[in-house]
């Protein structure tokens, strides 16, 4: 089935690298857009079937723009994820040498993540901020002599634009990865595979001491583990937070469904953002003793029998 | 409907006083039996429709014989409760004066509960243990001159046997009460009234640190309050306990049903001992915010819709 | 050093068997008393140095008389414990045969704990309650022909009174044990051995939901395990409980001291009832990761340094 | 006392507005630096006495650069905070009209926070990213005709550079605020005022289920409230987090000191980042029942007395 994929462009970004893990450029349509909200909006308005956007970086943390755009507006759901190793290269137009580099354009996050190499090798280079690493690479091609001699980009960008790689592997952290999510309009949920993940956004109850504990206990009491929990300000004042959460289960798992019921009871707002197969190199899912679906159903049947006056002891 | 009531006899005990709150001696059959296990056994074997037995005394605590007899063997359920004020009188055969009392027969618990009065007024009296306060009264009538001059009994006993009351209100604690339960064979559960109680017996998971906390969190996470929790040794070794629990809800309340599911998952043994209307002078039931049946069903519907791909946000 | 030991008499009880584990009859003075409060009172009034009383039976549960007597009045502390296997024998005067036994005297608890054997072998025997198993044995010797032909006692009683054993090992549970405690006036605490126990009595905060959870978290948050927790009614009305608790540490262990500080803050009443070497056949004490005294002191030193403006990171 | 303040420059930023709340430009030395790490480094190397940097924005959330720079390297501590209302203006060189604006330079966060006004009034304007709002304003002055006609800045910038304000109050959220912190080298801690805050950074124990719950319980069990909790990736792999936390107490408050001891025991890494007077418009500090310093010291004294064999009951 041919799909239309909106993504955080331009071509050549890490997002495109993630997209290539799931999309087939020969049959699918890839639609680069200027920012995360625009990519999500394309799905909301039916101009794309999917959006591929970054959600979390192992160094920088959660991607606020993505979390916030999913948290309000027309509902969207995550249907899959992809993890991409984040590798940076210093690129220039053919013929440029490292010694000639005085100005470097790149996205501020990329600049921060290469600071160590830059301090060691180009301590006097100046940073010209770009809206993405790929945009910096594209500008290098287009701008001719003007403004800057080099850019920090993904390896894919160098390849696509035919730029020289002056230095590779210049990131501070060689194990850095970014996790991307595939977002779609609500519809049938990807079937349970046994190694799944559910993404949620919850608001904490107002003005209630221990609210975070209360919320977490809804998961703990049902044996549900969390693989990610990130705070986001609600935005109306300091000190009010929502939490972006990944739980290690599928909504078809009874223990997660029960935890969702509990969350819906204790939290003023819960948004379900999808259940989908895990693809993050995490550990295999381990069901805590007693919390398997089989045990849950046995427990539920026991209660139903008791209500009917039948005592199976 | 005429019912056969087994109870902890003989006639004249506090248990009979409890029984009179619910049974009609003119139409129901009252069957006094020698001990709690015998009364429960009568129900188990169909020789009685109900058993009335003590479960808890405000001074002495839980009645072990009752808790233990309900915890194993053929299942029985509690269908009602009655609370009786525990008042003690010192009784004697007509003509006996207080000065003549040297030996007093009564149940050891009654002796303990009147110790203060006895120390003040009859410091040299000797205790002859009896199997019940009513048995002590009966023996006084039957024994003629032999053995003891007085007995400590319930007021009802003095009345029934025509004994003289030498002193009334001799208990240490004028507010002492005993709670009795009506026990029946499993069958239709008394309908929910909105001020109900559910009695449970649970074993804790073996060798697991924090097991009691884990068990209690099953209630707390669902907003269920407990009005009674009492430990009982499991009996195979020191340090292993079961807990006898009263929760402030009916099994038809969704939050209690959900807590039961959770208990069944985390505890090696859970015995449901009935849901029934409260009659213990306790506070009115208050549903914690978010935990009403209406909210529970809304939450459950929300999860069901999500599973079907419908996002009601 | 010669000591005066009050104990729950008469001679020949299981309590005396416990006492013999620690006292030397040739040098110490053993003082049998009629009930637990009397034994404790002897210590309170200086007529005895120690009292040996039962606290817990593996079948019957906690001994209410002991827990209650320690919970109020002049403070006493536990300085040691002893565990005795509870073994019952059916005894009679020389020449009596099993077939001749129609009435049996014993303490009601002993009767209950031998019910299974009695139902099988002497289904028609009648019970004459006695105030202790030893009292039943003594009465058998003294009473001549009157009243009852046999008694259920501890083996020690048969030996002391020269009674015939008609049947041995007649208890329902061959592994039954009773735990006894040695109680003294407050003074120097027995030194920490590394396998200790601390006994406490706490009241829960009034009218506060989740009070039991709050109390238990004071232990859990400091890594302190509980080996026993038993409820006791406070006595003024139904539904108000105190808890008798054994924690697996010594008051000189920093984590227990910290938990005591927390309890004192959240509970309206906490009574420290002693730290003493464990002797209950329990598992060896395992300090949860991070909660050793060494780690505690390192943590405390760290905070003290921070307060002084020193950052040891 | 004259102080040298490093801050996130250039002049005219919101950070300078925060700085003016505490520094006196006539006597103190204000040192604008290019980014947060540079400002903190100036303090670490003794070139400045204080650094003023943003820590949290009510719309964007925590400032990662600040949290990360405080979390490692030479220890620094927070000694104060300042809250600044975040107000955006659209500025241009004298004579420019709104209709002439086609390109706008500003920091990406500012662009995001003004998106609503831009969509309504300048839907076709292009964004040229700048490293700060003040840098965009400065560039407008310096660049002459080149590149862009307008910038989005703080009101202070317009004032300092003499730029025309084409539109004021263009932020999405009129209540948006940013909280800044004053950072210093470790030394004497600002004295307790009774309305204080303590900032911490903690790592969670590795591979342990419920680790976040365990950590939070260290605060809850001691009655300490948290006013902020934000996750940050530790950086070595996905799924490992540290938490940046503000607690509502001073390290001289006994309950906070006790919570720090507990954290140090259960968490592999805890960094104390200072106790200082609150200035965030939050609610007044309320000490939960039982957790006052007075009660803490009474509890501690009680334990010390017990250890000495004195029973104050």
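For clarity, chains are labelled A, B, C and D in written order, and residue numbers in each chain start from 1.
One rule holds in what follows: a residue touches a chain if its C-beta (ideal position, glycine included) is under 8 Å from a C-beta of that chain, and two chains touch if they have at least 3 such contacts.
Bear in mind the structure is a predicted one, so any value in this text is a computation, not a measurement.
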Chain-touch separation of chain A and chain C, in steps, is 2
Averaging C-alpha coordinates per chain, one finds the centres of chain A and chain B separated by a number of Å equal to 57
Rounded to the nearest Å, the gap between Cα centres of chain A and chain D is 25
Residues in chain A with touches to at least two other chains are numbered 217, 220
Among line, ring, star, complete and other, the chain touch graph is ring
Pairwise touch list, complete, is A-B, A-D, B-C, C-D
As the complex stands, chain A meets chain B at residues 75, 77, 186-189, 217-218, 220-223, 251-252, 257-258, 260-262, 264-266, 271-272, 290-291, 295-296, 298-300, 302-303, 306-307, 309-311, 313
Chain A partner, complex, touching residues on chain D are 37, 56-62, 64-65, 83, 108, 112, 127, 129-131, 173, 175-177, 179, 209-210, 212-213, 216-217, 220, 225-233, 235-239, 241, 280-282, 288
